[in-house]
């Protein structure tokens, strides 16, 4: 199907009045090493602005202060503090791993831990460096049906073994069926594969081709899964909204900074929210 | 009584022209450990934007830099620096303890100190982790009639021993009379108990169900007590304004970030200020 | 004289087209200890937004990061690094000392250094803690006619020995003549004394009675002296503009945060700028 | 030629729809010591807002946190970490060195490294302290035809040996031909020299005469070279847009802070973008 605004109206439903912050999900975001701390900050901005109930960011201690400047709304944990991290992870409804994670042995250790402790009640979103690690190590996903992969075309090549030129719907879908995870192949026209479903995103523009756009999308997908039904429809809605906001901003901005997209999310979600 | 705008007009009075910053109260905020620093930052944003005269934040040293980014208007003290903290606390008109405080032995030590040094001229607001500590330790309040408790329903269950299902006006009021402190029981419909008075808050919405909303409310209550008459009416006005701003923002925002509420406070207070 | 907009039009003149950043003065701001770092940040925001050409802030190293978040436009020096600080100070046209300086032996040492190295080509603005130190130590001013003091009434009592109740124009002017420095006595109605001149500020409101308002004024005075004729007229213009902006913001804000005043300065200066 | 809006329309072209972040260039910015960290932050703000695809900032570790507050969009590297820095530099399409670099032996070492590793496929922009170092050491440029120098008049005097009074088109052009690099001589009326071409910038105003304006320009030039044809036309377009935005802001701001210019870039680029 071709993504459209109708999907947003279906997914973004009115919040129940008898609710509290836990109603909208506990989210854990893991990433941001000494060099790429901005990536996990951008994911967190997207997650919180998309309405996740409670967000904890597990990252290098160096990133805590800038993160709290952007978002006093999140909790933080030093990714060297195993006990605190494990507690946060075990309480999570959705875990995102990858933005700015890096590909060191330490990063790999974190990914392995996540794959080991994931329960069948939890969803996992794998993005950025974590996809590269997954491709290199051939680690298997414990709950592929509760997993979302968000590779851009080059990362998908590494992960699937399909060269960019050979990435057709047929080959991608075949590989998705083998892997089992909902797969968001990002390009100038992002496509989402899940079993027999293919979602085509015709929104999005070259103004969004700048560092951090993918980190923002990963954060949005995570927050949508935390509050709305956990399925490919919800993932597709996050992808479409991300591009739709970008297109709107691109009318007046030559380059659309990812942080600008995140700022705009609450108002766009209100716009599409159905009674 | 049902909270309404008339209450705001009564409480938010025009500032006397012959005044200076001390006229509007000295406030000390205590909280924010290594993991939950954002909580005390959000309380501080609410306190300063609500008009407290002079605000000192006692928190983990790690939180000082992000706090000063958000608010160069506050003074800071490292919560390990006992002498400086004690001086600040002794000069305070109102002390808030709890947002992001944590429940470690160190956190408990801070709470015990506050309960020991409080004088009859000072008001105390107890929020967040400090309520959990209070429930666990059964510490007694030195001046309950100068104390405000702000539990959400689960914290109130821990503190009062009344299960959420059994939290009726009758049982809550009975317990409040026993404890003696003004008690703000937060839920999708917050209620305030003090002696024979019950204040019902019908404002507020599910868009506010996100991490930090309670920290913001605690900061507003603290600032209102610092400048306006120190009583349950003033506490109720802070509760109502917090929800009213949230409702207004929820018309255009699917999720209302707590920092957005704080930004809007000075303009809403001007709106309701009576000559 | 009573301060009015005409004074602003006289002082805020159009910048010469053949100019560069040095044309508008080199400024050094000294203050901000471990506890009061926000004060020097607020002074710096005022200084830069008021148009000083090049600004260096000498402060505790702890304050550098939050300062650079607020103002990448400034240069910083660790106040423990004597050589770097001395170089910056010697190149300055105007030096401000005091906001958040504290009253430790180290702070006093800094003040003594400034009073020792000041040359007759430099102006000095003394504010906040530095006034308290001056009152305690009776240090003498090397160039009083190139010095501005900005005490609030209590600081003026300490400095002048005149109790607040006895602070009349007559007594204040007499003491100013003795001290020799331009003296800005801050209260709900600030008055400026210099020789036979008295300037009355009838602007300003109780909405500005919050921590940081004085630090902001000190920064504005410093920047005005850096670019405009170095005299009491220019100091008075800064005082008046500060209050005028505050009054404007107070129409819509119950409390006017000092950082909001600083943000508004460039537009207000453009408004009053004469051809 | 006299710079005008037509040049902007020629240079700022519509982005190809089949593109990704690498399409718009990998940029490395080098500068920002312990004292002048704000300079490289301002360059980075200009670079990212001008549309560079992927930006890495190599700077003193002290500047990482404030940089990530301003721009989570950038990657960072500690300039003491040689291996990481070298990898980033080797992948860059355009390198900027100089803003806030300082003139220490360490700074010189960084400049020497850059001049040693530059390949013929890379462009180099040399600004600020790096120009002073270049003047002192007479280091030679490996690829002058792929180099841009951005001295203000005093830096140009040091570099060229031509005193400010003697800086005429004739003398400047002669020296440019000798050096071989595109030379942007900044003054109240900036002029760009390259072989037989001279570009006159009649835009810009004294409101821009404040610390950081040059750092911002250097960042814009770098981003323009990263995405548009690498030549003097593109450099000239960046210079003109910088002044044009400044002039527009100067209509309402007595002093135009450099960070304000950067914020406005995406919208101005959209305005001039041709189909």
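Chains: A, B, C and D, in written order; residue numbering restarts at 1 for each.
The rule is simple: a residue touches a chain if its C-beta (ideal position, glycine included) is under 8 Å from a C-beta of that chain, and two chains touch if they have at least 3 such contacts.
Per UniProt, the chains are A, B, C, D = ADP-dependent (S)-NAD(P)H-hydrate dehydratase.
For clarity, every value in this text was computed on a predicted model and none was experimentally measured.
Touching chain A and chain B together: no chain.
Counting the residue numbers that touch the partner chain, chain A and chain D have less than half of them in common. Using the mean of the Cα atoms as each chain's centre, the chain most removed from chain B is D. Once the centre of each chain is set as its mean CA position, chain C and chain D turn out to be 34 Å apart. Taking each chain's centre as the mean of its C-alpha atoms, chain A lies 49 Å from chain C. Multi-chain contact residues of chain A (touching two or more other chains): 65-66, 69. Chain contacts here close into one cycle, and each chain has exactly two touching partners.
All chain pairs in contact, by the document's touch criterion: A-B, A-D, B-C, C-D.
Residue ranges on chain C touching chain B, taken from their complex, read 34-39, 41-42, 45, 62-63, 65-66, 69-70, 152, 187-188, 205-207, 209-213, 250-259.
Residues 12, 15-21, 23-24, 48-55, 64-66, 68-69, 71-78, 84, 265-267, 269-270, 273 of chain A are the ones that touch chain B when the two sit in their complex.
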